[in-house]
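Chain IDs A, B and C follow the sequence of writing; residue 1 opens each chain.
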Amino acid sequence: MDDVVLETRGLCKNYGALEVSKNISLTLRKGEVHAVIGPNGAGKSTLIHQICGTVRPDFGSIYLLDEDVTQKPVDARSKAGLARTFQVSALAMEDTVLENVVLGCVGASGKAFRLFQPVLTDRDLLETAHIALERVGLEDVAEKRTADLSHGQRRQLEVAIALTLAPKAFVMDEPMAGLGAEGSKRMTGFLDTLRAEAPILLVEHDMDAVFALADRISVLVYGSIIASGTVEEIRSDPGVREAYLGDEA
Amino acid sequence: MSLLLLIEQVLNGLQFGVMLFLMAAGLTLIFGVMGLINLAHGSLYMIGAFCAAAVAGATGSFVLALVAALAGAAIAGALVEILVIRRLYGKDHLDQVLATFALILIFSEGTRWLFGSFPLFLDVPDALSGPVTLPGGIEYPFYRLTLIAVGLMVALGLFLLISRTRIGIQIRAGENDREMIAALGVDIGRLYTIVFALGAALAGLAGALVGAIQSVQVGMGEPVLILAFVVIVIGGIGSIKGALVGALLVGLTNTLGGIFLPEVMKLFMEPAVATSVGASLASMAIYILMAAVLILKPTGLFGARV
Amino acid sequence: MTRENGLNMLIVAGLVLVPLWAFFADEPFTITLATRAVILAMAAVGLNIALGLGGLISLGHAVFFGLGGYAMGILAYHAQTYTPFVEWPFVIEGTKSMPIIWLVAVVMSSLAAFVIGLLSLRTSGAYFIMITLAFGQMFFFFSISWSAYGGEDGVSIYLRNGFPGLNTLAPIQFYGLCFGLLMLVLLFASLLARSPFGLALNAARQSEQRVQAVGMMPFRLRLAAFVISGAITGLAGALFADLNRFVSPAMFSWQMSGEIMILVILGGVGRLYGPVVGAIVYVMLEHVLGDLSDYWHIYLGVLLLLVVLFVKGGIIGAVSGRRTAHG
């Protein structure tokens, strides 16, 4: 299909004798939220690492908008339009919230090697940054030190930075983790609107959020995708119920 | 340029290499177990040499001098570990570098204050002085040959210590997983002090042994320390095997480079220029070796971690 | 105005007023001490860009300091002996002109920083420290073995080099020149810290993943920072050699690298004026304690140990009450 934005074809990755990715093929299409779920140790993190470029697959390839990015480093994938959020916040903790978001703008604008104009006087960068902060609802704390943010606010900040990249696809690693019921609901509402902008590959443990957001779900168990389909198909799949949802559903 | 000269220089390189190994082994152990980069390791080398020179001067016994070097460096190491170093384990490398740099200043000036700026001399014991004749008719200083033997024996002893003994198991556990050894009920504070004192004793031994063929003076430790760093970069941080291989490579490169590079240069240019260019190149040879290893294997020949 | 800004202005005022007082009171030695402090401060401002912003613990900055020094020594040596520096394929003469010497110093130290950075930035952490220290030692031994320029003894020049429109032999004028350069370098450093580059470099120090994830290469940022840092320290080296009218392998030594780092730490890592405060305090300690005892490095060592263990943020951190440099 030609509306595929991100695709993995037959990803395989072994750590010694341990197969963490077994022939994983999945697609992310325009306008959708594709959730990847699975129990702990299923290989979700390794999958994300391979898609984002921190781990190279042993076999298989990764396509972003029909371009083979398998051998490209992390920064090149970001430039090609892939924005990720981290499971454990990766932020410049000593800097202000605004500075963290502006950092995203600097990366996206290719202004990293400008040495003289103070970054916080660059109107273009600031405008993009403030829009992103406003959209995730962090405008009020823009001048706060990132280390002083609450856990939930840091997750929002991760998303705000991703927004500044104006990406073709989002890869989000557990954006709901540790948010609490209320925060989780708000984030879900926000991600729901975000899919129109760029599709989201969502790795998430929060099943309420997954069922509320996902257009498609892939279930990863022991490094293999055992099922893939709509929410209803996955809910009723006996294999999935047994392997994964068993004790919850 | 003869085969005899070549063999003699290879032996010199080995001798230099095994002494570097004594330094590098302690450094790499301390880094591997405690995550500490210790610039003051050169001071412990110096302390060993001064203890040996002082005791040899007072008693005339080389054996007592060596015992004093081992004991003096180990005690100094244990004291420093308890007073200063243990406050640095959790800190970042910058703090470790600065604090141990401060220790160098204190140790060096303290030693200068106690012993003065003039070099002391430690004599090679009579039993080991003079040359021996090796198979093939090569005359080689007996003392240097002894150093090679002692160095290799210490290397063997270290491998056995680490692979066969209780403390070795704890050290290996400490390198892999710090929480695990706490869970095993090992007294970590005591283990760290022992490892540090062990590293210090090795450095002190090297200082005393080398002190008998060079002069014993303030500042003698740091050039050796930096070479030991080169050894570790080549061998890989935390690896005793890497330290041994790296030390022998550096020792041989340094010694052979100094002899052969001027000769090689003479093939291309006039002798006077060749000698000076060759000497300059030789002074850079080990760093070029290090650069080459960095290009091929940034974590060193046997290193896993960055 | 924050307390840190107030402190900075006080320092600048001191750097203007004390040498002026010394000039009128006819105390040339004080001016020389102030010149020494200002030049060392510049070397440390250079290191602070790599260390404070980039988090690069370089224990080899003496390489750049020494290269700057030898750029001065070699060019001036050829000028005073009327021998060309290079005869073939084209003739390059020595020079006694400071601006040319500075240019050469900056270019040479940038080149060295580029090559050393290219190799050593492939690693990080303890490896980086050891490698920069080792490269420093390489230059040290090379300078000792290079007999054309004095080997161990170094190179002396008879007269300080010239600057158009100034009499550099007058201590106060040479001081003014160094002070002016330091102010320019500080201006540059403050612009750099607030630029997009500074933001990215500082972020790469805190979270490498983050910087990569927004499409930048930490390696390139750090390499650029290392080159800029080396260039500034190299410029300071040229001035330092001119102050002493002498350059020797000691400028390449590991102690020199350590001293430059101490200046940064005493004052406060990552703070614009940290290296300046550090250098002033260091030169005063050297002078006062050096008079008291030949073994003043013991006191320096103890002081440094106390600062590292107990005073996070250096002198500026302690005075301004802000424990971290950023945010």
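Simple rule for what comes next: a contact is a pair of C-beta atoms (placed from the backbone, for glycine too) under 8 Å apart; a residue touches a chain by one contact, two chains touch by 3 or more.
Remember, predicted model here, so these are calculated numbers, not experimental data.
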Common contacts of chain A and chain C?
none
With centres defined as the mean of C-alpha atoms, identify the chain lying farthest from chain B.
A
Min distance from chain CA centroid to global CA centroid: chain C
Using mean C-alpha positions as chain centres, tell me how far chain A is from chain C in Å, no decimals.
44
Between chain B and chain C, what distance separates the C-alpha centroids? Give it in angstrom.
31
Can you compute the centre-to-centre distance for chain A and chain B, using the mean CA position of each chain? Integer Å is fine.
49
Which positions in chain B touch two or more other chains at once?
none
Which chain B residues qualify as touching chain C in the complex?
31, 37, 84, 87, 93-95, 97-99, 101-106, 108-110, 112-113, 222-223, 226-227, 229-230, 232-233, 237, 276, 279-280, 282-284, 287, 290-291, 294-295, 298-300, 306
In the complex, chain C touches chain A at residues 191-192, 194-200, 202-203, 206-207, 209-217, 221, 224, 324-327
So, in the complex, the side of chain C touching chain B is made of residues 51, 57, 59, 119-120, 122-127, 129-131, 133-135, 137-138, 141-142, 144-148, 254, 258, 261-262, 265, 269, 295-298, 300-302, 304-305, 308-309
Using the touch rule from the top, collect the residues of chain A that touch chain C in their complex.
52, 54, 73-76, 78-79, 83-84, 86, 90-96, 99-100, 102-104, 106-108, 111-120, 122, 125, 145-147, 161, 164-165
